[in-house]
Amino acid sequence: MILDVLSWLLLSGGAVVLVLTGFLILRMPTFYTRLHAASVNETLGPALILIGLALQTGDYANGFEVLLKLLLVLVFLLLTGPVASHALAKAAITNLVMPGQFKRIQSQEQQERERKEQR
Amino acid sequence: MIELLEQGPGLYNYWMVVVLMMLGLYVLMAERNLVKKVIGLNIFQVSVIMLYITMGKVTGGTAPIYVEGSEDAIYSNPVPHVLMLTAIVVGVATVALALALVVRIHEEFGTLEEDEIQAAEGHG
Amino acid sequence: MTELMDVLLFLFLVITAFGIIRMRDLFAAVMMSGLFSLLSACLFMVMDAVDVAFTEAAVGAGISTVLMLATLAITKREERGDRRRVEPLPLLLCFAIGSLLIYGTLDMPAYGDPEAPVHTYMAPRFIEKSKAEVGPPNIVTSVLASYRGYDTFGETTVVFTALVGVLLLLGGRLRLRPSSTMDITMGVDLRAVKRRQAERRQAVVDPSAAGDDAAGDNGGAA
Amino acid sequence: MKHNRILRVPVKSLVPLIMMFGLYVQFHGDYGPGGGFQAGVIFAAAIVLYTLVFGLRRARRAISLRALEITVAVGVLLYGSVGFVTMMLGGHFLGYDRLAHDPLHGQHYGILLIELGVGITVAGVITALFFLFAGRGLRPATRERVEPEEDATLEESFEGAGAVEGTP
Amino acid sequence: MFAVAMLAILICMALLIARAFTGPTVFDRILAINSFGTKTVLLIAVLGFMTGRPDFLDLALVYALMNFIGTIAVLRFTRYGDLSAFDRVLEAEHHTDPNWP
């Protein structure tokens, strides 16, 4: 029972995190701020949801196996997500601009948008 | 919306499959860029696979792997799955070969646009 | 809920396909095709095709994308951007064929209908007997490997043949070309190296005949 | 500065784990989703990941294309020879019942063997495809061709350089 | 309660697809697609629990793995414009750095 409540809390918490960060990814003004939202979306959201699911495994016959696999997935996501985010940020810094120079990013976005409108 | 949820999607899947198929066909016919054509081929292929898998689904069924300890479980049809498994494998082989051809064509003509290649060959 | 997922995912899939078609940047199109493949794998999962979802995820999202990226790296990144108009004839043809096909689907059994003709022949037999006849709990594996073993043999051969084709097209003799070696040696011009070597060899050759033999042997052995 | 240390450390530890997972998929395919093809792709994916992070030359030093060609052929041959052996034992082509006294055991061995054949073939093919496509990139895509003969002499002279200099 | 999580995942997917299409720079697209891969992993996991057969988590692992490989490949491409020319960088490092393995 307690496990159920806890799992429900974790799942709904994960859902809220996912939706909020999803909106942030869509609405944030610059790339680096979006990256900030996305890394939360890639680590905290899955962690909450997967732990919430892991608390439910007691109901199943092969629960232990499922629990093990869930934890494996969680570890894998927590290992690769930040690495991918880091590589992305690094690639963006070398190819795009430094994070401080927001104006240049914005003007670049502006240019891209204008070019799109022209097409 | 509520009716849809009660009755299930009905023929919706087939229509979406047809739309996807036509998108793929349009790319194959109208696009001049060869890499884009390969992508269109991919879309077409996925639509065909989707058609088969849609047909294999049984309402209330589960994946065709025996559930331990239950005799009366309903399973989805495994035959389309097997056929499409083969199709995906052959599809990736096709894509790889097509991409190799694209690479060779680019090395030979320096372009990926079909009309330019035809012009370079002299009957464009 | 599963029906809603089905509807939404199909909608996403079609939107993604539209987006891919409209994209001029090939690199972006390839990335979006990776997304397309992930979405379709989700749909297979929803429609109970676990093995197909497995394969599509492994192939479409991973290997296909990587191969296409490698192709783009060798060729061009951008599509030629001068034509932006829609071609009328193919569009018309697509509409015609599409409406015919949709007319054809009106007679199809509804999604998930257990009485559909597909489910009345072959499949029940496989589902009932495969445990006793073949053994593995995964029916797909037993059909794939045992009942339809020829088919899988053909598939393996096709994959093998594709590799042979690609080897013929891209392989050649398997060593680095001079220009690429130049790339790797950080811009050291191999042709200059070669010229210098030839000069040096000439210098070795000229004073005595014995040096000639030694240099020739070494060159030949290498 | 070390190049991409953050990428390298996790990838180095991930690659063997991914290969092990590929083997799990290969031999667990009877009981759950998976099988030869998927396992081959996952196995190849591990090599692709290694190549992407550590470079093509290092990967090729570990696995040469020649070896891959042989591997692929061995996979197809394994599949075909299972069918041949069942014919030799008096059954149909790929009728695994004859492989053991108990038909069910025979089926089990047969499926295991041919899945192994498929897995070996696919792993080899995918890795070789990636090597071929990525290795092509080493040559800048220009229209001028390098003639094979000239190519050979260049390489010869480059390799023989040490020898020539070593002869006083 | 699984339905809530599933709905959230689907909404997040829609938002990410929107970002992947509007994304002004390439990196926005990569970011969106990478996050999308994680969402598919979650979708598989939650779907298994929703349909009462949570034993297909191997798939989730494969999705996560392939997503990671795809992201790394795309980043290689944006960084070096090539999947193999970065060998140069690695080789150079190899020559200058005595501690390199």
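Order as written gives the chain letters A, B, C, D and E; numbering starts at 1 within each chain.
To be clear about the criterion, contacts are C-beta pairs under 8 Å (C-beta built on N, C-alpha and C of every residue); 3 or more make two chains touch, one makes a residue touch a chain.
For clarity, every value in this text was computed on a predicted model and none was experimentally measured.
Chemist: What pair of chains has the most C-beta pairs in contact?
Modeler: B-C
Chemist: Taking mean CA positions as centres, which chain lies farthest from chain C?
Modeler: Result for the farthest chain: A.
Chemist: So how far apart, in whole Å, are chain B and chain D when each is placed at the average of its C-alpha atoms?
Modeler: Computed value for the inter-centroid distance: 26 Å.
Chemist: Would you kindly tell me how far, in whole Å, the mean C-alpha position of chain D lies from that of chain C?
Modeler: 16
Chemist: For chain A, write out the residues touching at least two other chains, lowest number first.
Modeler: 80, 83, 87
Chemist: What are the residue numbers in chain E that touch two or more other chains?
Modeler: Chain E, residues with two or more chain partners: 30, 51, 55-56, 58-59, 61-62, 65-69, 72-73, 82-85, 87, 91.
Chemist: For chain B, which residues are shared contacts with two or more other chains?
Modeler: In chain B, the residues touching two or more other chains are 62-63, 65, 68, 85, 89, 93, 96, 99-100, 103, 106.
Chemist: Can you check the complex and tell me which residues of chain C touch chain E?
Modeler: Within the complex, chain C contacts chain E at residues 1-2, 5, 8-9, 12, 15-16, 19, 27-28, 31-32, 34-35, 38-39, 41-42, 45-46, 50, 53-54, 57-58, 61-62, 65-66, 69-70, 72-73, 77, 183-184, 186.
Chemist: Quick check on the complex: what are the chain D residues that touch chain E?
Modeler: My answer: residues 2-3, 7, 11, 18, 21, 24-25, 28, 32-34, 38, 42, 45, 48-49, 52-58, 133-135, 137-138.
Chemist: Enumerate the contact residues on chain D facing chain A in the complex.
Modeler: Contact set of chain D toward chain A: 4, 6-7, 10, 14.
Chemist: Okay, in this complex, where on chain B does chain C touch?
Modeler: Per the touch definition, chain B meets chain C at residues 4-5, 7-16, 18-27, 29-33, 35-36, 38-40, 42-43, 46, 49-50, 53-66, 68, 74-82, 84-86, 88-97, 99-104, 106, 111-113, 116.
Chemist: Chain B touches which residues of chain C in the complex?
Modeler: Residues of chain C touching chain B: 3-4, 6-7, 10-11, 13-14, 17-18, 20-21, 26, 29-30, 33, 36-37, 40, 43-44, 47-52, 55-56, 59-60, 63-64, 67-68, 70-72, 74-76, 79-80, 83, 86-87, 90-91, 93-95, 97-98, 101-102, 105-106, 108, 110-114, 116, 118-119, 122-123, 126-127, 131, 137-140, 143-144, 148, 151-152, 154-155, 158-159, 161-162, 165-166, 169-170.
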